[in-house]
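Next up: the structures, one after another.
Here come two complexes built around subunit A, the first alongside subunit B, the second alongside subunit C.
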Partner chain A sequence: MNRILRLFLPLALYLVFTVVPFYWMLLFALRPAGSTSLLPWPLTFDHFDTVWNGMGFRVYFQNSVWIALLTLVFVTFFALMGGYALARFRFRGQRAFLLALLCTQFVPGAMMLIPLFNIFQTFDLINSRWSLIIAETTFQLPLAMILMSGFVKNVPVELEESAMVDGCGRVRAFLAVVLPLLRPGIVAVGSFAFIGSWNNFLFALMFLNDPELQTVPVGLQTTIGENTVDFGALAAGGVVAAVPVVLVFAFVQKYLVQGMSAGAVKG
Partner chain B sequence: MALAAPPPVRGHRLRRALAPYALISPTLLLLAVFLLFPVGSVLYYALQHHVVNEPYDDAFVGLANFRQMFGDEQFWSSLAFSAKWVFAEVLLQLLLGLALALIVNETFVGRAVARALVFSPWAVSGVLTTSIWMLLYNPATGVFHYLAELGAGSAGTSVLGNPDTVFGAAVVAELWRGVPFFAILILADLQSVPKELYEAASMDGAGRVRTFCHVTLPHLRDAIVLATLLRSVWEFNNVDLLYTLTNGGPAGATTSLPLYVAQLARKSYDFGYGSALTTAAFVILLFCSILYLRLSKFGREK
Partner chain C sequence: MSRPLRTTAAALAALGLLTACGSSGSSSDAGGKTTVTFWDNNAGPARTPLYQKLIADFEKVNPTITVKYVGVTSSEVAEKYNTAIASNSTPDVGGVTTALLASLTAQKALDPLEERYAKSALNGKVSANFLEISKSASGGKGLYQLPSSGNQDVIWYRADKFKEAGLTAPRTWDELFAAAAKLTDKGKNQYGFTIRGGAGSGFQVLSEAYAYSGLTTMFDAGGRSTVDDPKNIALIEKIAAQYKATTPEADVSNAYPQMLAQFQANQVMMVHHNLGSTRDVKTALGDKVAGFLLPAGPDGTSVLANPVDGFGLFKNSKHKDAAWKFMEFLDSHESNSYWNQNVGQIPANTEAYADEWYTGSGITKQAGDSLNSAATKLVQPPVYLPQYSKITKTDAEPNFQKVLLGKTSAAEFAKSVADAFTKAQADYQAKNR
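Moving on to the complex of A and B:
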């Protein structure tokens, strides 16, 4: 009885709070326009057809996938390099570098839009997906690197040393011994990067004008019209936006808790 | 003979000394060009008269932009909104996140599924959160409509259109995706509390509440301080949700400082003044963060 009051009742309440909004979106996406049924019945996929083929979500989706995947690759790769340096070397300027990484968290990203716009214009990257990939990589790298250095620290340095005694160079020792043990960290950092990049709205809104280049969040925003809102389209677009990240999340959620305890909290 | 080739160790040592710099160099380059330089240009423009569509009027104006800021009522009201927003969000996210973490840290059947479900909004973006909550809040077809049919509340309530309710409505929408972040961070730290501490506490006859206050909470302190700090900064800088959910309205009731700056940039192209506001926001954040870290004794012995 005690356990029900203490554990299951609050959990049930919180589950309702979490799940009802998701359900509501699915409901509007799957039932016909004008229906007030609380069950998605009769089932229809018309709204998906509208957003996917009619409103360009097919293109937005592909753009978002490419941008998020490339961001994932860059963030993970650079975070591995820098995280390894932070965890395994003592070097002059290390503390300053770490402090600088932490300070980046205080920079208001939204307020950097105009100077960033000017820079990308100089490099002729406006209306290029590279502007999003570069900006997203830059803003995500600091935390990803701190997180990754936490994972590297968790790999005993003796393993690496013994591989080097056996004649491996540092690089081979890293690739053969450390990298396989870092898999959970790589998965965690990579999925953060993917989710963050997939969700970015303001950079895409600001740096891309061509509708052919737009991403899912901006497409989703366009379904919210000024006065008239097509709720079916809005909900179906929402499902398209949610499915990849929620799938990634479901897959990595246990690494996520490990990742947080390895990196961000323990420093 | 004295100038014999340097022993191989030396080259090795040099390589070893340079290796960390080589490894961090891509990051340094990215941060310098796409973060440090923009920050610098914001500081520079804060001291300039710089309106994008008046290109010939650019001039150094010293602190004039900041003087204008002190007399700008909208600056003060947006700053007040931001403070209220950060305080409400972070406090509620912390309390709910702590409770949620404690719950899903217990062992029970279906725990893995429960965790995946309650944490899942974490992966969702601001625009998506907006879309979902617009569906929920819609007076004609949202949940309030159904609740009104069941006799709870009145029909046709537009929570987003009413200045009295819009704050609460936006806070709840942001809580939905914000609580999991706290819960995940705190859960991660809960799992590292040494079991012996709990055993010792129960040997001493401490009850559930006392154990929580004297063992669990002190252990969580650093995680909580870090999570609240990071989240405060993120919530302060959060634009996407408010931008798409309310666009600062109705009647400016939900205009945060970053939103005000974004509106300035879009409507009047006054980048000099916008940069001064940005600079002020940065200084306020930095000052509050340092104060918070000092007061909370972050990283000191427990």
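Moving on to the complex of A and C:
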């Protein structure tokens, strides 16, 4: 009884606190407009139809998926290379380089808007999904490299040395021995990259003008007018936006936690 | 294939997907068609479908012009325009309120429109008062906005509850406060009035103050702000005295959405907003709701000009003639009437004033008549000052909350706003001498 009061009751309260906003979102998404029912009944999918077909979320969703997936690929690829170098090599200015990587995290995206805009314009990348992919990759890479270097350090260097003694070159040793052991790190870094890119609003709003290129967060914003909010559409759009993130967390949660601690302890 | 090689191959395959992310061209001409990019400055569920319909109509009668609609929400539009201006990537046409006009003209982003307007079929059909407001908002530098809609502060009230209580729409502020007191029943969580204490409170309280004081300008001949005139202070004190007496306690942080929610939930009987909320209140409450213009004070009343919505032609546009054609279409009798009927605002095209929906619109026509009347004392807020938003929002809003909470006096609040306006005006005049 004591244990229930001390442990499960606070946990249950915390669960309610966490779940209610999600329930509220689902409720608004699934009940008819104007309904005040606390249950999604009568059940309607009209709001999903509105946002998916009427407001263009089908296109926004596809755009977000491509942008987030490619950001994931680039961030993971470069983080693997950079993280490996940080973990395995000693070079002049290494500490300063690490410090610089950390310092980049202090610069808010809004401050970089005009310079990034000018650079992308020079390369004719404004109104192209590439602008988002490149911007997101560069913004996420420093933290991803630091995280990845923590994972690489966890792999005993002796394993690589043994492979090299057996005739492997460094690249082969990395691909054959280290890479399979870095799977948790790859999943963690990739997930962070995906979620970060999926949620980005500012860059998508500023760099993309064509509605056919827009992403889910910008689409969500258009359900909120100056004086009018379409709560049903907003909630349905919120569900659409949340699903990939929830799935990522559900399937790779343990790697994410490991990723955080690897960065914290070994970084 | 070994696992590492498979992994590498998968990564390369993913890279192959890059073709799916090819750049999509910016607006350009192709196949004899001109593409005009149009940024809506206030996209949302209520307005976007209206523009989509108007664009389709325009393209039907102008088959050689395609309009690319880009919806930007009002909260993000200033940043989006500023970024676009800094990087020379502005649209051809953009939605521009008078509140945005000063910033855009200061950055020399817009084309002057006098010449085009003079030669246009629209000449003489756009409200002269609206054109004056547009010119004034750009600091008197000329016409940089083609007005499309006018707005006016109104007070929405529960006509059914007023009738039950034997009340009529107030004509003076004292009548309003008396009605608010009569309609307040705290036991039933029912309040007669609501004060905007959160976002947007700065402009609202000034608009109430000038309606009461009847002052006709925001600066005296010497360039000193009139905000701290004793008559303005008197009204701010009266408003603050309503807080918690005839208004909900939550008002101190309430912005428009919360105020409207209270109004729709039978918790407040009067709410001060503007014609922008016509659709919301009518949809929610139908015939139970009616509106009246801001009541008069002891010295009559004056009207603080609300932002006029309209369109700007951007200087960097490569298709100015096509863009202007689109602007003319949006401001034509039929389009402008359709637009304003659906958003519940005052048409800029004076031909629309004879339309049935407008003549029978009640408060919208009343507000339009007032805004277009030569007898109305229309006070121009100094939106051309670069510091205008900072003064009325960043500084004034938290200070007004202090007035409501009794932490500062109405006089101190009014003086702080007046001093800031006076200094900003002096700086502006020094730079533009």
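Definition applied: the second predicted complex is superposed on the first by the 264 of 267 C-alpha atoms of A that agree within 3 Å, B and C clash if a C-alpha of one lies under 4 Å from a C-alpha of the other, contacts with A are read in each partner's own complex, and residues count from 1 in each chain.
Just so it is clear, contacts are C-beta pairs under 8 Å (C-beta built on N, C-alpha and C of every residue); 3 or more make two chains touch, one makes a residue touch a chain.
A quick note: this is a predicted structure, and the numbers were derived from the prediction, not measured.
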Subunit A as common anchor, with subunit B and subunit C clashing or fitting: clash
Which of subunit B and subunit C A:T138 touches, first, second, both or neither: first
Partner contacting more residues of subunit A (subunit B vs subunit C): B
Touching partner for A:I114 - first (subunit B), second (subunit C), both, neither: both
Partner chain in contact with A:F45 - subunit B first, subunit C second, else both or neither: neither
First, second, both or neither for A:W66, with subunit B first and subunit C second: second
Contacts of A:E212 with subunit B and subunit C, given as first, second, both or neither: second
Partner chain in contact with A:G238 - subunit B first, subunit C second, else both or neither: first
Footprint overlap on subunit A, comparing subunit B with subunit C: 113-114, 118, 221, 223-224, 229
Subunit A residues within the subunit C interface of the complex: 66-67, 69-70, 73, 77, 113-114, 117-118, 121, 124-130, 133, 175-176, 179-180, 205-206, 209-213, 221-230, 233
Residue ranges of subunit C touching subunit A (in the complex, touch as defined): 2-5, 7-8, 11, 14-15, 17-18, 20-26, 37, 39, 42-48, 68-76, 79-80, 83, 86-89, 91, 256-257, 260, 273, 276-277, 279-280
Residues on subunit A engaged by subunit B in the complex (per definition of touch): 7-8, 10-11, 14-15, 17-22, 24-25, 28, 36, 38, 78, 81-82, 84-86, 89, 91, 94, 97, 100, 104-116, 118-119, 134-135, 137-139, 141-142, 145, 170, 195, 198-202, 217, 220-221, 223-224, 229, 231, 234-235, 237-238, 241-242, 245-246, 248-250, 253-254, 256-261, 264-265
Complex interface listing, subunit B residues touching subunit A: 17, 19-21, 23-24, 26-28, 30-31, 33-35, 37-39, 41-42, 45, 96, 99-100, 103-104, 106, 108, 112, 114-128, 130-136, 138, 141-143, 146, 176, 184-185, 187-189, 191-192, 222-223, 226, 230, 233, 236-237, 239-240, 243-244, 258, 261-262, 265, 271, 274, 278, 281-282, 285-286, 289
